[in-house]
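Next come two complexes, and both contain subunit A; in the first it sits with subunit B, in the second with subunit C.
Showing the complex of A and B:
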């Protein structure tokens, strides 16, 4: 048993402070993304989630320039973008996608400018990689309280919105008949989505955060037909991928001494493998055999 | 205007315009408890606008709508509603049973807990609409007729006195349309629910309707089917001569002459032989 554990966990894994921080922040991001991701997929807002993540990179790169907490940067920009998308008031899917696409382009343009200043004025050459693709083992421990607060707030609002959001996602008309303020519910969900992508951006980077948001949810809805179980399965898939990715990335330092592979790569790869497995299971069991 | 003792819905001289274009003009009718009423009219006649006005989604330019509030719950008017079309993706992890349960408490904040009482109410309503067999299937995988049954159960689980349905028979084959129409009539009688159902084809409803509200050119005529679907009444509504032809227990409404200016309600048909609907 001990030899099996030592095969999985290389020496120093459990005593490493950067690993502890990565496990806590990454686990929090996986839980929040797992919950919010299911609603995002049901509402057909995967593109909006990806756009918010990309726009948040402008905040992340600005935080390097200003020397502030990067989570604040990601969060601030994602919240501004979420508000902008809702205030644009686009109702038709095509119109909404256009607004989202325009905001995505503008956000990435800003990120390009801030990263240019980062590299040319502050000599933070790693900023681009960290902002776009994440660097979990270099997350400062000081970020944990804010990350947990953001995560708890996102989960609390998601729990509060659970039933009205589910009904409004199925049919805004049915929700409105029951007295639900559909637009307010949509705005609150976008804000929670902004919280989720900011946390995910801290973990796997802005570009890959949509993988952590959408991937586990996509896996879950292939395996279950109940909304509550889908959320639980999505959280589990996110945690397996994130913590599994951290373990593999840590171990990779021993496979190629001194040149460990990025955590983001392992997380996204595990999500992809789990998605293929879920697709195979559903294909084998038939569409209505899911639990 | 006060609702009469057994009146569940009273629509009084309601007018609605969009960008200055009148859609409904002084529409007036009322429905009593347990009445089954067809809201008939061609595409674009204003059926959906009238239903949305009754629901409070559309403010009338003039007139008013009164709905009986005796069975209100949680401060919400007890109106059940089945919308015209809901696109439900087959991958959505929501069962038919979940959709019905959301009709009960979907407006409440917080997580839902599956109590015995809640499960019992949902099971009872699924049985009432004949949806037990597919209650645990993904709602997006159901056929059009099955989805209609689920949406009717969703609308009725809070025991409303008034049920509004927007084109529930559209896109259904003849057998499914007849089954849904019979189901609605049975529920209306058993639970004394007032049903107002819009359709562009009145024929599946002919043996079932207590009353009809016929919309044309934004104006309405209401009453018993034989009192409304008549040459003189419809000619007055359309503003030119209309013939009502009864063939094999079906009704055809025919424009005998081409009007100089064809109203939007009939423009999709050939001018000389316009079947309405």
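Showing the complex of A and C:
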């Protein structure tokens, strides 16, 4: 047992400061994304989630320019984008994807401008890679309190929204009949989505954050249709992928040439593998039921 | 930034006033892609050459330089171009290839020193043997472009070599006294000089490369570096002021917390220095750190 553990956890894993920070911030992002992701998938807002993440990259890039906490940058821009999308949502439903796509483009354009300013006016090495693809092992420990606060706030609002949001997501008409303010619920969910996306962007980067948002939720929904169980499974899948990815990235120091592979790659790969496995399990169960 | 542009403008104005007659006919336009090369070119070319430096801002990271149309036209119109090579300024090759010119001379310092493309550390100007070789090549090219003043260029090259002596002497005396001193760095900018003075660089090269390239650092390497400071195992921390991120900042904090003296080093020659004075000041800053435990975090605008 002991030798097996030491095979998985290479020396120094548990005492490494960058690993601690990555485990805490990444774990928080995985839990929040896991919860929020289930509602996002049920509501068919995967694209909106991805767009929020892309637009948030403009905030992340600007944070280097302003010298502020990058999480604040991601968060600010994601919240602004969520507000913009809600305004757009008031129009025809079929226009929603188009407006979301336009906002996504504008957001990435801003990110390109801010990254240009970053490299031409100050020394911001690696800003582009950090903002777009994440750099978990260089997250400063000072970010932990804000990250946890954002995570707890997102989970608290999700808890309050749970029943009305579920009803509004599955049957807006029924929810309206019951006196639920469907539009307000939708806006609050977009805000929570913005929080989740900002946290995920901080860990795996803006481009990859939608993988952490919808991947574990999609895996969970493949396995169960019960919302409570799906949320639990989604959180679990997110944590397995994130912490597993951190362990693999740490260990890859010893079996890759140079100095290991990026942690974002391992996290997203694990999500993909888990999704394939969940699909296979469900396919198998489906065949059995048919027989 | 404004200060920098101002001093550049002044330098340009002074040059054009000082050599008005030479500019009219037969003056050579030369480009040093990095301003330390431009400085050496102008010391060799003197009044018969007009020199432009491209990468001049000591507050930005030259590894992430963005080309503008103005820069492209400056390079296209130059009679002599000196560039570093080893991927540090690969964009220049594209401009040179796109604007063929019959008599243009290009000195690629990597090729001049016969270094392979796989050379891990591109910061060649910190190596003591680099600039004497560059100066010789520049003088030879100027002599070919302007044979009438060949002896003037050769004399300037000799003068340049002589002016490096105080720096080389400082390196030798540091090495005699402090050989094997353990130091930490952020990225490899000054590594050639640190090795020349006999210091032992304890930072893993894989960490230096990750910081230089802005990629994910290995946590093992970060721990190794943190331990160097926490255990006070190094006598100085050479901090590249132009390649910085949250990780390098955390190292800086840790070094200060543990009283490890900090020496600020630069990719781009800071304002107010010549190549010789810049290099001499860096060695002196390292000596002060090791001998007196005194930090020199930033170089103030030096005297010409």
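Following the convention adopted for this analysis, the second predicted complex is superposed on the first by the 279 of 291 C-alpha atoms of A that agree within 3 Å, B and C clash if a C-alpha of one lies under 4 Å from a C-alpha of the other, contacts with A are read in each partner's own complex, and residues count from 1 in each chain.
Just so we're on the same page, a contact is a pair of C-beta atoms (placed from the backbone, for glycine too) under 8 Å apart; a residue touches a chain by one contact, two chains touch by 3 or more.
Because the structure is a prediction, the values reported are computed rather than measured.
Once the two complexes are overlaid on the shared chain, A:260 sits against subunit C while remaining clear of subunit B. In the superposition on chain A, A:67 makes contact with neither subunit B nor subunit C. With both structures placed on the common chain, the touch criterion links A:128 to subunit C but leaves subunit B unconnected. In the superposition on chain A, A:163 contacts subunit B only, with no contact to subunit C. Judged by the touch definition given at the top, the superposed model places A:145 against neither subunit B nor subunit C.
By the touch rule above, subunit A contacts subunit B in their complex via residues 38, 42, 44, 159-164, 166-167, 170-171, 173-180, 220-222, 224-227, 229-230, 287-288, 290. Residues of subunit A touching subunit C in their complex: 12, 15-19, 22, 116, 119-130, 135-140, 249-250, 253, 258-260, 262-264. On the side of subunit B, the complex with subunit A involves touching residues 55, 57, 74-76, 79, 81, 83, 86, 88-95, 98-99, 102-103, 105-112, 136-139, 141, 151, 154. Across the complex, subunit C meets subunit A through its residues 1, 59-61, 63-66, 204, 206-207, 209-223, 226, 241-250.
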